Each structure stands twice: as structure tokens, then as C-alpha cells.
Amino acid sequence: MYSEKVINCFMNPQNVGEIPDADGVGTVGNPRCGDIMKIYLKIKDNIIEDAKFKTFGCGAAVATSTMLTQMIKGKTIDEAMKITNQDVAKALDGLPPIKMHCSLLAEEGLKAALWDYAQKNQLTIEGLEPPESSEDEEHAHSEAAE
Amino acid sequence: MYSEKVINCFMNPQNVGEIPDADGVGTVGNPRCGDIMKIYLKIKDNIIEDAKFKTFGCGAAVATSTMLTQMIKGKTIDEAMKITNQDVAKALDGLPPIKMHCSLLAEEGLKAALWDYAQKNQLTIEGLEPPESSEDEEHAHSEAAE
Amino acid sequence: MIYFDHAATTPVRPEVLEAMLPYFTEKFGNPSSVYKLAQANKKAIDDARATVAKILGAQPNEIYFTSGGTEADNWALKGMAEALRKQGNHLITTKIEHHAVLHTCEDLEKHGFEVTYLDVDENGLVTPEQVEKAIKKETILISIMYANNEIGTIMPIAEIGKIARKHGVIFHTDAVQAVGQLRIDVNRDQIDLLSLSGHKFYGPKGVGALYVRRGLPLPSLLHGGGQERRRRAGTENVPGIVGMAKALELAYQDLEAKTAKIQALRDYMIEGIYQRIPHCRLNGHRTLRLPNNVNFSFAFVEGESLLLLLDMEGIAASSGSACTSGSLDPSHVLLAIGLPHELAHGSLRLTLGEDNTREEVDLLLEKLPLFVQRMREMSPLYEDYLKQNSSAELQK
Amino acid sequence: MIYFDHAATTPVRPEVLEAMLPYFTEKFGNPSSVYKLAQANKKAIDDARATVAKILGAQPNEIYFTSGGTEADNWALKGMAEALRKQGNHLITTKIEHHAVLHTCEDLEKHGFEVTYLDVDENGLVTPEQVEKAIKKETILISIMYANNEIGTIMPIAEIGKIARKHGVIFHTDAVQAVGQLRIDVNRDQIDLLSLSGHKFYGPKGVGALYVRRGLPLPSLLHGGGQERRRRAGTENVPGIVGMAKALELAYQDLEAKTAKIQALRDYMIEGIYQRIPHCRLNGHRTLRLPNNVNFSFAFVEGESLLLLLDMEGIAASSGSACTSGSLDPSHVLLAIGLPHELAHGSLRLTLGEDNTREEVDLLLEKLPLFVQRMREMSPLYEDYLKQNSSAELQK
């Protein structure tokens, strides 16, 4: 079901943990749906210097968290904003259709953390919209139907 | 599906043929239904001295024809009248449910031949009813349903 | 034993069994599970699906595995009827379909559908024109078999597909007898749904498939787990599916060469029977015919008794459809091509396989005339016929 | 590999495969045919039927072979619903049935039937009283599983059977998980219809059976040839049927001894997990429980990630029902016994088999705590929990 890359990222997760003095933190997902992702960012001079995560979720959720945090480290905010869930999935050599929502979660997590950073610093980041409150979000589960 | 006895009676049929100067001849069945039985009787002093048959039909039809003619030879008319299709089937170690109608055909064939004999000799045989015309008989096919 | 009943079923080829074996024991996992053992099985199923798809000219996600041809037929008909009920309630089929289609149609009739059962000609053919004429605005499905299981007649499927497409009517074909013998392409033939069954082409029993053109709104027949992309529930019969795909692959290797050989044997048998046995007729079309099918009626003789005599010589054959032997009625197919009941009762089907030899056919040609004669001598119908003929002679 | 997923499927036993093998090759005939080759197969099926019947306390002609548990469930429910529609349109089942029952019920609801889905208690039990209360004059069928596939809870089937009989309502039970583990008697339990599936007790996949009490007016689900006394069409899966019967026979040899061994291992595993892992709960009834079932929820952890970690150690297990892994929703069974969503997502099912050893369980007990801890350390929920607790400590 999972590519080797997914399994690798799951078995050897990178960037797990918290950043105590994070510049931006975003939490997305919902325990009802079986996955919660919390992204911590350390940002300096518009560059993401560090990124960490904590994730409650399936193998794909952990793997996308790892991959996303790897992909954004060292990038500018603008560059990071261009990363889509498709990019994350691709970097993992693909995800099963039923697990694509995990990559979406990663993208949303990043944006929530950036939003938090923008709010705290009274910035506007182009293209960034406020995240929906994760608590009442009932993100539609795409079932495995074709 | 068939008992060994049935197979034996089919493979080595007895009494096949015609009796040119038969005292009674009965034809039952219908080609529509896949079986026709013609029974010839030679009767003397109330005793069935000889019996022959011709049959168009399945293995069970041939086997019951053989068995019936064997069973009635040497019997009095009254004794023969007591032979039922169940007796014929039993003598063959049973028939598949779907083939029980063949044994019925044998019983009917015998009765038709006896009726013919009785008619020719203006006799009444106790318990003997006129056979239905075989041509328009649409004998109900018991399907293999339970 | 000489086996001339390949239309009833075929043995599983050794290569097929070999491909299946690991999936009973080491590779036994449930494909729905997450761990490796199971995921390998999921892959085996996906590979099998790709194989089946390729041979039919379809896409893998248009193939659904079933428990056999019967389930595939039932699913196609009942499913599409349910899905399209709002559009109409009329189905078109033929009088010579397999019971898996006919009895399903009868069941649909009980539930408010109307079914046109097209007549066939003396060779078992329907014409595309007949199909077109039968279409009305309520027509939602045409189901016409690719080739008949009793008399081997091959229907003009591509032409029927064209007409169905032209009128926007969904077209199902029961290809259970055709798959493994004929090259089929669901796009060339414009087929929307196609049934097949593994045990007819040296695969295992209890597994089949339904091709469902992408986008068709076919609802499930069996509800439950999410298998087969949520359309056909039930733990997958992994060894069966793997075996069927392997068998299909083998069947289409050198198909033309194998077909030529079988067809030559078929024609040799047909000629031989014609030459040696009077009062007989070949049932089914002489050339638009499955390469392996021989079906004769012998006047004055009942079919089952011939089967028994052949069986005693170690020759396996069939009288009408194997699947209908629970019934005493003569074959609906033979009646539909116009045979009188007594001739329909006197039919013998001999269906050849890859391993049959000329020597085996020669043995049949030696024995069969004797058996037919033997049964005729026992037959009151033959007696009548002879008497009529000799009195006709005398009157000359 | 350590296989702890016997509720998902089991490997075919060597003796079972051996019994099946001849029916793929030499003994390949179609049981509907007349000749000896085929008649021997008919006999093999009859013998298998007698074996299955005996083990259920039924008569052979009350057993119908199907393509699996799913087909048996679909057939029982849809068939009886259709047959009894004139008498009423109400069915009773539970919220924790397998999807083969639940999704079939939903399909029936689309067709005008009304279904009561009974709640279960925190252990997964319905009471006979609940069933009795739910019966109304329109009730035509009660379908309640013998034992649950996820949490192993065994239902009070005999009492429910009694109530159904008392009210003249037909009673179906999905015994797919119970057959092979529990002694079942359809008369003792007053069961009218019972589903089973071969691959759950070391038989092959793709074959199952439905017990149908004599006299029930169950119409066909699959129409076609006259097989299974005209009730279930389709060429019989002879090797599958033979294999399933053999597997059933083996399962019930020394059942009590095997059960005692498995149950001891189960209890050892349950105790071990309780002792080694904090914040967990056993799902399902502690004693009214299948001898092979262990099901735990671990707070703050998602189940699939545990499966992957276990898989890397060569341990196969399941999170919820294997058949529902196509879905992301947490198990309906775990929600029905009252688990909050996050705990339901964190469930792990370990189901034992005859060949599992104490050493294997010891390995699990060594690894699992590490894996749970590892995932907890990654979990934002655990982080929150710890923070709350430490601040609670501080506030003391």
C-alpha cells in the first residue's frame, strides 16, 4: 500500500518534537478523524530556519509530516507557500488515494503555522488565508471509491 | 446418479423387442417429454407368459422397462396389478428423484397393455382404469427442486 | 478417459495450479490488511486484474472479480436494471441465453421489468436488425451472449454493440463460452459489460469476472466490506483470482494455432458423424461457430442414454447444457432453433479441448454409430418409422 | 512471521489443501454432468454437505454452498426480506454487525424496509429483552451475529433464538467468526439461517455456506442453472467446497483442547498488555469472548501506525475489521460500545490461531509497549495530556 519512501519516513521520522520558542505553531486535523498534526516553525529573516512536528495519525500522516518539515527547512516563506500537498505526496513517491488527505493535512498544518507567525508579527503573507478552526472542522473523508 | 442395478439393467437390457402376436400392447409417454414406452404381453390362463418392450428414453426409462418386464413374467394378472412404480424403483435399488416418473411410466405401460388385453377379451380386471391417451398426455415434469 | 465436455468445465492446467498454490499457504493474507503479507496479495490481485483487462482490451479498474459467470450475469442484469429503473424498464435478450441470464430476466419480470426475448433463426443467430427493431424508449439494457454454450453459435456482437451504442442503450454480453477461444476487444465490439468464468478456460471453478465500462452506475449486488473498489464485497478469493488470470494468459498464448488445431478436429468429427450416422443433424451454425463445439441430434434416440453408453466406454460428453441437467425439459436452445421435442431430446454435445487427439475422435466415430443404432433398435419411434417406410416401399 | 490476525483470515491447512488438490486436476468434472467423472464430484459435494450439516446439527439438505460469508449474509437478508415482504417490512439487527449485514440492511432500507439497529452495551452485548422489545407485528427477520469480528463478544444467541421462535420471527445469525471456535447447534440455538465462511477456519477463501432451515421460503439470490437444489446457481466450486468441509472437520476435532490452549494464550496476552502499557482498555466482554480475540485501545495513539511498526518486526495484526480498511472512519463497532473517536482510532486487534506460541506472545509483549510509547512521544494529544497532568500536579 505504501511506497518505500513513506515507510522510511514513518520508520525514521525526522523533526519530531516541539520548538519551545517557536515563531509560529499550527494545529490541524481532528481526533475524530484519526489525525492531528501540530507544526512548529522557527523563522528568521523570512526564512524557515527550523521546523518540527507532533502528529497523531497513521503512517502516512507521520511520513507527510516528516517530508513536509524536511522540504520547508531553509526555504523562504514564499517558497514554502508554493509547496502543495501534491508536492509532498510526490516527494514520498505517491500515497494511496485513501491517504491523500494526509498530505493535505500537512499543507494545511504549514499554512496554519505561517498564519500564526503572520498574526503574531502583524504581517500579511500573500495568498494565505486564516485556517479553519480545527476543532469544528469535519474534513470530508474521501472514501476509497473510485 | 444411478445405482449399479439401474446401470446394469440399462447396459444389459432384457426383453427388448416386439411380440408379434401379443395379447395386449400398451404405449405410454410422449416424445415431447423425452420418453415413450411400449409394452407387449403374452397372456395365457391369466398368467403373463411373456413380456417385451421398446423404449425411447433415458437410462432410467430403459432400466425400468427391463425391470418391470422381468418382474411380471410368470405372474398372474392380479399379482402384476399389485406391482407399483415404487416396487420397480425399489427393485432397481432406487432412482434419482428426478427419474421417478420413469418408474411411473413403467407402471402405466403395464396397465395400458393389460387394458388392451382386457378390451380385446371383453374382461374386467379389478382396479384397472382406461389409460389416458398418451398422445395428449402432458405428464407433469417433477423438477429436481426439493 | 476421453473428455469431450470442455464447454461444461475444464481441468485446471498444472501451470495454473502452480501459480495458485502459494496463495493457499504461505501467501494467505487477507488483501485488505495493512501488513506486508497481505499487501503482497493485494498486488497479486492487481496484477491479475491487469492481465484480465489487457486481454479484453479494457482498463484494470474496469474489471471486477466475482464468484463465477453466474454471479457476473446476475450482477450485470440486476445491477443495471436497478440503476436505470428511472430511465426505463425494458430489457432485450435472446431465447437462447444461458439460464444465468434467462432466469435472472424472469426474476426481473417479477419485479416490474419487461423483457423481450428475441427469436433466433435455425442456426441460433439473432440479427442486428432484430435487436434494433426491439429497442424502444424504455429500453435500458441489451444482453446477448457472445457465443452459445450448447450449439456454439457466435452472435454478431460487434454489430449489436454498434446498434446499442447508437441508441444509447447499455450492452451486456455473456462471454463465458467465448473467452479463451475468441479474441475479444470490448472497445472494438462496443461492449459495456461482459461476463466470464474461470473454469471454462482451464482456470479454477468458483471465480469469474465482470467487465464494467468506466462510468457505468452499476450498484453492488453483494454488499459488505470495501473490496473491489467498494463494488463487490467479500474477502477476495486470492488463489482463484490468480489462477484465473494465469489461465487466461495461457489461453491467449498462441491462440490462433491452438484454435486452428481444435477447429480442424471439430470439422473432422462433424464430417465423420455425418458420414457414419443416418438421420442426424448438426445443431448450430456451420461456420459462425465456436472452434470446439459439435452438437448433433439423432432421430429416434434419447440423448442421456447415449451419454451413458459413451461413459461406459470412457467418453465424457453432454446432452444439452450441463447446467440444466436438473430439468427434464429438452434444451430451450434446441427448441428455440426449431427442433421438435423428440429431436431436442436426442441431442449430443461434444466439446473439444486443447489436449484432444485425432485418435480420440476416431474412437468416438467408431463407437457412436453403434450406440445410436443400439438405442434405435430399442426405440418404438424407430420401429414406427421403419414400418411407415417399408409400407411406403410396398405401396410403390 | 508472527501472525496474530486469524480473524481476518487463516492459512489453508496442509491436510485441507491435500483434500482439495485432486479436484483441480483429475477430478475436475462439472458435478451437473451425467458421466462418472462428474458424478464422483457430485458425491464429493454431497459428502461435504453432510459434514457441514453434522457439525451444525443440521440436515444435509439444509446446507447451501456460497462464495463466502458475504454472499451468505446478503442472501439470507435479501432473500427473506423479499419472501416475507407481504407479511411485513421490519428487520432487527445490531449496530455492531459486520458490514456484510449492515450494508445489506441499508440497501434494504432503500427498498422500503425498515431496520432497527439495536444498541449494544459497553461490552458489545445486546440483551434478549432488547430484541423482544423491538419486535413488532411487521417484524419479519432478526439478524444478530453469533460473535463479533472485532471485539470477539459472543451474543446470547440461544436466548435470542428462543424469543424469535416465540414470536414467530425468522432468526438469522452471522456465525462467520464463531464457526470453527464454538460448538454450534442450530436446533439448540433455534437458528433459522446461519452464515459461515471457509477461510476463517483454515479453509479456502471464496467459499462459504448458508444454513437454511427446512421449509423456509428463501428465494434465490443468484439465478441460473439448477445447482444447490435450484436455490444457488453457478457451477460448484468443488475444490473449495471439499476444502471447507475438510477444514471444518479438522476444526472440530479436539475443539475443546485447542480452545483451552488458545484461550490461555489470549488471557496471558491480555494480562501482559494491561501490566505493561498504561492508558489502555480491553474492548469487548472479558469472558463472553471468542477464545482467540484480543482487542485493546491505546490512548493518544493511532492504530495503523502501531500496525506498521509491528509489521516491521514481522508481527501481523489488525486495527478494527480488516474488511473495512477501505474506510477512514473509525470502527463502527468501537463507536457503538461507546469509545470516543480518538480511542476508536487507537485500537489494535490481535487474534490468535492454533499455531501461535507463548514465545510469540512474549515477543509482542516486549515490542508493543515500546511502539506505543514511541507513537505517544510523537503525539500532540499525549503532549497535551502530560501538560494538563503536570499543571494539575503543580496546582496541588
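Just so it is clear, A, B, C and D label the chains in written order, and each chain counts residues from 1 on its own.
Definition applied: contacts are C-beta pairs under 8 Å (C-beta built on N, C-alpha and C of every residue); 3 or more make two chains touch, one makes a residue touch a chain.
As the structure is a computational prediction, the values presented were derived from the model and not from experiment.
A.B. asks: Taking each chain's centre as the mean of its Cα atoms, which chain lies farthest from subunit C?
C.D. replies: Following the centroid criterion, the farthest chain would be A.
A.B. asks: Comparing A-D against B-D, which pair counts more contacting C-beta pairs?
C.D. replies: A-D
A.B. asks: CA centre of subunit A versus CA centre of subunit C: separation in Å?
C.D. replies: 55
A.B. asks: Take the average of all CA coordinates in subunit A, do the same for subunit D, and state the distance between these two points in whole angstrom.
C.D. replies: Centre separation, subunit A to subunit D: 38 Å.
A.B. asks: At what distance in angstrom does the C-alpha mean of subunit B lie from that of subunit A?
C.D. replies: One centre to the other, that is 88 Å.
A.B. asks: Give me the residues of subunit D that touch two or more other chains.
C.D. replies: 34, 226, 230, 304, 308, 326-327
A.B. asks: Two or more other chains touching the same residue: where does that happen in subunit B?
C.D. replies: 143-144
A.B. asks: Note which residues of subunit B are touching subunit C in the complex, please.
C.D. replies: Interface residues on subunit B, with respect to subunit C: 2, 7, 10-11, 13, 16, 18, 27, 31-38, 54-59, 61-62, 98, 101, 141-144.
A.B. asks: Applying the document's contact rule, which stretches of subunit A touch subunit C when the two form their complex?
C.D. replies: Going through subunit A, the ones touching subunit C are 1, 143-146.
A.B. asks: Where on subunit C is subunit B touching in the complex?
C.D. replies: 300-302, 304-305, 308-309, 312, 326-330, 340-342, 345, 377-383
A.B. asks: Report the residues of subunit D in contact with subunit B in the complex, numbered from low to high.
C.D. replies: 34, 39, 42, 61, 226, 229-230
A.B. asks: How about subunit C: which of its residues touch subunit D in the complex?
C.D. replies: Its residues touching subunit D are 1, 3, 5, 8-12, 14, 17, 20-21, 24-26, 28-30, 32-38, 66-71, 73-74, 98-101, 103-104, 106-107, 197, 199, 204-207, 220-227, 230, 233-240, 304, 307-308, 310-311, 316-319, 321-327.
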